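Chain naming follows the written order as A, B, C and D, and within any one chain the residues start at number 1.
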Amino acid sequence: MKRAMSCPVAMMACVAVIVVTAAPAAAAEPVCAKSEIRLVNSMREIAQPYHANLEKGGRWFAAWAGLEHYVLQLNQGDSDKQISLMRLLLATNPRCTVFNVEPNADLVVKPMIDAANRSGAWIVTHWAHNEGLHPFDGNDHWIAHIAVDSLGAGAAISKLLVDAIGRTGGVVALQGRLDTDPARKRFAGLQQVLLQTPGVTVLDQQTANWDRTAAFPIMQTWLTKYGDRINGVWAANDDMALGALEALRAAGLAGKIPIVGVDGIPEAIAAVEKGEMIATVSSDAYYQGSIGLAMGTCVLTGQVPLPASWPKENREFYLKLVVISRDNAAQYLREPEPAAYVDDWQCDKLWSRSTGKAF
Amino acid sequence: MMPADHQGPVGSTPAATAQELRPWTPLLALIVLCLGFGLAEPGFATSENLWTIADRSAIPLILAVGTTFVILQGSIDLSIEGVMATSSLTFAMSVFNSRNGLDLGVFGLGLATLVGAGLGLLSGLLTTCLRVPSFMVTLGVWSTSAGIALLLSGDQPPLIKDPMMRALGLGRSLAVPNLFLVAVAVVLLGYVLQSYTRFGRYSMVIGGGEDLARLLGLPVDRYKVLAFVFAGFLGGLAGALESARIGLGHVDVGGGQMFATITAVVIGGTSLGGGRGGVLQSAVGTLTLAILTDGMVFVGINPYAQKAVQGALILLTALGATWPLRHRLRIVK
Amino acid sequence: MTPASPTDGIAPIASNDRELRSYAGQAARRFAPLAVLIGLLSALAAIEPSFLSPYAVNVLADESSVILILATAQTVVILLGGIDLSMAAIASLASVLIALALPAVGPSGIVGVLALATLIGAVQGFVHTRAQIPSVIVTLAGLGMWSGLALTIAKTTIPVTAGYFAVGWLTRSSFGVPNSFSVALAALMVLAAALHLLPFGRHVYAIGMAERATLLSGVRVGRVKILGFALTGLFSGLAGLAMVARTSSGSPTIADSLLLPSIAAVVIGGTSITGGVGGLGRTLIGTMTITVLRVGFATIGLDPAYEPIAYGVVVIAAAALTIDHSKAHIVK
Amino acid sequence: MTVPVLRVEGLSKSFAGVRALDDVSIEVGSREVIGLIGENGAGKSTLLKVLAGVLRADCGRIIVRGTPISPANVAAAATSGIGIVFQEQALLPNVTVAENILLGHERRALRGGFYDWRKFYALAAKQLDKLGGGISPSALTATLSFAERQLVEIARALAIEEHTRHEPIILLDEPTSMLDANGTETVLGQIERLRRRASIVFVSHRLDEVVRVSDRICVMVDGRCVATRNRATCSIADLERLMLGHKLDAECQQQAPSPTLGPKVRLSVRALGRNNSYRGVSFELHAGEVLGIAELAGSGGESLCRTLFGVERADAGEIVIDGQPVRLREPADAVRLGIGYVPAERRLEGIVGGLGVRENMTLAHLDELRRGPFIDLAAERKLVKSWIERMHITTPTADTPAQDLSGGNQQKVVLGKWLIGRKLKILILDHPFRGLDVGIKAEMFALIREIARAGLGVLLVGDTVEEVMALSHSIIVMKDGLVSGHFPASAAKPSRLQVLERMV
């Protein structure tokens, strides 16, 4: 029985291997007609401002580029689903499909890359992925990974925070979901800064899972525990920062204790403008939501050579971040015009916001 | 949700059964926890921190009261999170907010609770009319209402600008958090309903022996629907209050509340099989959880160990309650 | 003397129901789950033909595999009249341990992890039967403890740095069928065979229908139950394994989102949540239905915002169509 | 006789083919007490359940004060003035006594939609006081003793008076069967009191009671009302004859065959005791012997049986099987030692209703039917088929769900479940004839004698003294948990009276 089976199995395996290896080779030259190109934005949800803006960016680009096939895939925080949705979509017309992916967790990146390589679809990923994984290691359909320097972001806001409290005193830190890369790196950024400013100590740190409602009671507990020993609040994202802010408001301390966050969501910017927060960092969701699609389109329309031939630093690079503090908050308050991004979408300016290689 | 065979232990001594009906272990656990944390962290026992705990437990208390009636009847309500989300959005968009011109104030609160009650009504009718287990129905209603919330939320969650509502959510009256006052009121309401109205007593009866209740011609279905409506109503209230606190209508406003609430109710000693327990027990359970969470933040325990500790606590309280009742013929599903 | 069960006096009513129930209706009920699945598939295919393309079906099969593994063991426990809420948590824990074990000790580590998972399940079963705590509470506690443990062991995603080959084969296909699915299906069939050919299976159904009578027939009910929960443990481990294969990493939250779908799969298949009635064939169908529901709407290009609503509606509708009322005249 | 308040015309009811009621017609006059007697399974309970709206009759009419009714449930029956005390208690364990008594009639204790507990308890107390039982209306029902719960049941029926304008019709289904002397007296006293304002149908297996309180006595046999006697014109003796006349000749008269006892002692019990059930029970059961336990229900015999099957733990004494002292932790242990048990509660503990006859009959001995690890289905089918024939079990197929069989055939299945076992040495029969129609009962009698002849030891707790005396070689009489009389096989057969006087 076994012996009888093993042979076909082996054959199948061969076939599979051939298919896998052949797929990219076969996909080496194709240039799709505009009408064939399908753009996909794969993200967690659209209830949060950050994600909503990702989605807007994508739609803006599709409209500007005159591509009618634009697909939005939401996984509602279910990593398994994010993978499944991609793979199922590839049932049709994979070769002309471009994925712009905000990974629900680091671990979804690899399977999605594999799916792309196998089917011949094209994919750009954001934020972070498991270590030891690179577009330029034979992943020809993984156009690029646009990393966010979470450590830098964490450090940037931390600097502003310690300066704001006069480089001395105690701060409390709200961490994101610890099983995500940004959460760890941003906190590392804080620790890095604190090494240089021995005057400032972290009184306490907890995770609030990126969540505003979770941050609120934790902040309350800290206020009762440390009282006025808290000179500043560090949050790994704006949502938690705003949760903490409400807790301060409840204690009548809104605006009296400096808060920093990351993401640059409108509310946070408003808070910064009002002086209730002192800073946030924006990775520009509109840009993240569109640039991957732009890259893919440029590749498929043949306006840039196939990624395989790109220099490494163009395949995996850091995205420029904007620190928003009181002095420049005003200009980010309003929603930007699509036109503002047209320049970034030009096939010769795809890397205009790169701050260097991320590997 | 689970079928619990109410066949008492063979030759059960009254003592045992009495114990089964009012286990003191939950209250004990609560006290032990307080003492434990109090000794571990002097700052814990301060009145200020107790008010923080009160504030933290307000929303869970409201949810627990509603869920208790459903569970007393032997059903289950998984839809809490969805209901909260929908009502949160309804609330945020009907009081003075950043999205539209509406400014209904208190009526916004009413509207939100009505929406909650409506969803509860839906669950109730579906279970009783289609005779689908509440487990499946409320699972579906959860997803559906979450979807509705998503639609309402659009791309910019509506901010609540109504100062009165913010005050309700954040303010305190004589050092007591307003939300806690609301929660206490709800618990009292729940207690009165449970022990002084047919709704409450029949919930007990239905949980104790639904087919007997039907045989005796009680309008079982009506009271089942009522329980879901009440749970939905309080779910809606909780959703609205939570968003009054955080200042916006938010889809994830109830994140994690479903398991938390059921856990609290169970820790309190209300049987998932129905017919045993009550509002006060659930309140105790909720406070236990709140103190546990707060205390662990206070002594700085790794947040992930917290989940484990909660689990262990469930087991211990259950052990304490059921160990004396073990019997060779006691059927436990 | 057995003290009054409130239901004692009413038995004849139940027997009346039984007399009244129509056997034609019975037959209809039998095939309702399948009908629902077929209806759903054809509806989706009508809108998006590629949904039934060999490739898509292949992907669907692959997607269903993990839920299928979870639902399979869950079915046994539900047939026993209990439930296991801790499966997803154990699966996540297993994924973490496997991801750690593969580089460290190689493939043999997998065996160890599976053994551990089985033990965990058995222990839960033991506590449930010995302390006579309802399974729903024991496993709710387990849910907390195991995921808490997983999160403390691995604060984050753990990529499989070495030894992936040991699980990688699961992601490939043989004869055009994804191996993960073949494995899950095989597991289901083995268990189905056990339920029909071994005394164990006979005991499971008997306990689910009438635990007392079974106990008084000299069946060691406790053992059977513990075995059942050991199975959920083992299969949770397998699910974790499959997740590691799929994502080439382990994560303390990796399987959490699959708990309710896997239970829903059992119920939608038509297995009575009160125990004793149903089977693994039904669960196979139920799993397919749930999988299609999870990803189907997105593929037909339904606006994602409406997806949860559609999901909820269809779940309830499916349940209403597939659940067999004639067996249990009380619905909770 | 006065105008009938309740008239029953041609009532019939069958369960899965077995006729429980066969064209029954009776009349109950106002303020009249009708005694309903008959063997278990004669249809008394069924009749009462139909009248009370628990069951629907297949055909026939129920006429209350000239208006035909067909109550859909107990509440509906109550509105037309019919209240019932169930034989098996139907109380909610998790609520107060008061709530159980007033269930469905709380309205009168509400003030503005809210419970006025003082009034509530007062109303309930009023009912309880009629029984004088000193039960607190605010007590949790589950905390009451069985007898107390029985009184609560009765109080609930008495409450009917309050709910109806007319004089109530109260159905009492063996209200005294579980009560001690005092309890019984109170209940009978109640009936005496009630008869001044209510009509009563009173079922009891204690003829003396019936004769004492009833105006007329209706004798039921096999679902038919075979005779109606006025109290004045009947004696216990001829009631008995009417009740089990033919059977007196059929079985009860023909005494058990003179003991062909093997010398082998199968089971010997020494000073066995269990906290509040029974004490100091000792006896020996020989191979081929049928040992009958005669008792009024609740005197400890049943509990003793359950102990010997490992269901209940004994606190004192020892159990010796074939010379070996044994510990029985759970029924499985007993089964492995070759003990079989036919429980009194067939529906709850005897059969697995949803499983087929075949699965039920082999449930206890699957290990003996294995080929390798698997169940040898072929062998199983063959074995079951042979036993179905041998025991004359009437069932459509071997795979028909046991719950669809008639009570008698279900009982045969339960019995067969044990007989199938190869290692069976001791068979414990706990009220094995409950609710069986006469035909089946006779067959069971024969079967049991055959089993004994085959060298098994049989321990029997019967419903009636007749059963016990007809089947047993030796008889133990139990009263209040103690052995009040022991008539070993060696000694002369005791008279019915000898046994009875030790029972009460």
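By definition in this document, contacts are C-beta pairs under 8 Å (C-beta built on N, C-alpha and C of every residue); 3 or more make two chains touch, one makes a residue touch a chain.
The shown structure was predicted, so the numbers you read here are calculated from the model rather than taken from an experiment.
Colleague: Which contact partners do chain B and chain D have in common?
Modeller: Chains touching both chain B and chain D: C.
Colleague: Starting from the defined contact criterion, work out which chains touch chain A and chain D both, please.
Modeller: B, C
Colleague: Let me check something: if the centre of a chain is the mean of its CA atoms, which chain is farthest from chain B?
Modeller: D
Colleague: For chain C and chain D, let me know how many angstrom lie between their CA-based centres, rounded off.
Modeller: It comes to 42 Å between the two C-alpha centres.
Colleague: Roughly how far is chain A from chain B, going centre to centre by Cα mean, in whole Å?
Modeller: Chain centroid spacing, chain A to chain B, equals 36 Å.
Colleague: Could you tell me the distance, in whole angstrom, between the mean C-alpha positions of chain B and chain C?
Modeller: The mean C-alpha positions of chain B and chain C differ by 27 Å.
Colleague: Which residues does chain C have that touch at least 2 chains other than itself?
Modeller: 1-3, 5-6, 9-10, 13, 151, 155, 212, 215, 252, 305, 307-308
Colleague: Residues of chain D touching 2+ other chains?
Modeller: 54, 90, 92-93, 142, 303, 311, 330, 348
Colleague: If you look at chain A, which of its residues touch at least two other chains?
Modeller: Counting only residues that touch two or more other chains, chain A contributes 46, 178.
Colleague: Okay, what are all the chain pairs that touch?
Modeller: A-B, A-C, B-C, B-D, C-D
Colleague: Quick check: in the complex, which residue numbers of chain D touch chain B?
Modeller: 54, 72-76, 90, 92-95, 99, 103-104, 106, 110, 113-115, 117, 140, 142-145, 276-277, 303, 306, 310-313, 330, 348
Colleague: Report the residues of chain B in contact with chain C in the complex, numbered from low to high.
Modeller: Answer in residue numbers: 1-8, 10-12, 73-76, 78, 126-127, 130-137, 139-148, 150-151, 208-212, 215, 259, 262-263, 266, 271-274, 302, 304-312, 314-315, 318-319, 322-323, 325-327, 329-333.
Colleague: For chain A, which residues count as touching chain C in their complex?
Modeller: Chain A reaches chain C through residues 8-9, 12-13, 16, 46, 71-74, 76-81, 83-85, 87-92, 105-108, 110-111, 114, 130-132, 178-181, 184.
Colleague: What residues of chain C sit close enough to touch chain D in their complex?
Modeller: 1-6, 8-13, 15-16, 18-19, 197-199, 202-203, 205-206, 209-210, 212-220, 222, 276-277, 327
Colleague: Would you pull the chain A residues touching chain B in the complex into a rising list?
Modeller: Residues of chain A touching chain B: 45-49, 52-53, 55-56, 178, 204, 206-207, 211-214, 216-218, 220-225, 242-243, 246, 249-250, 266-267.
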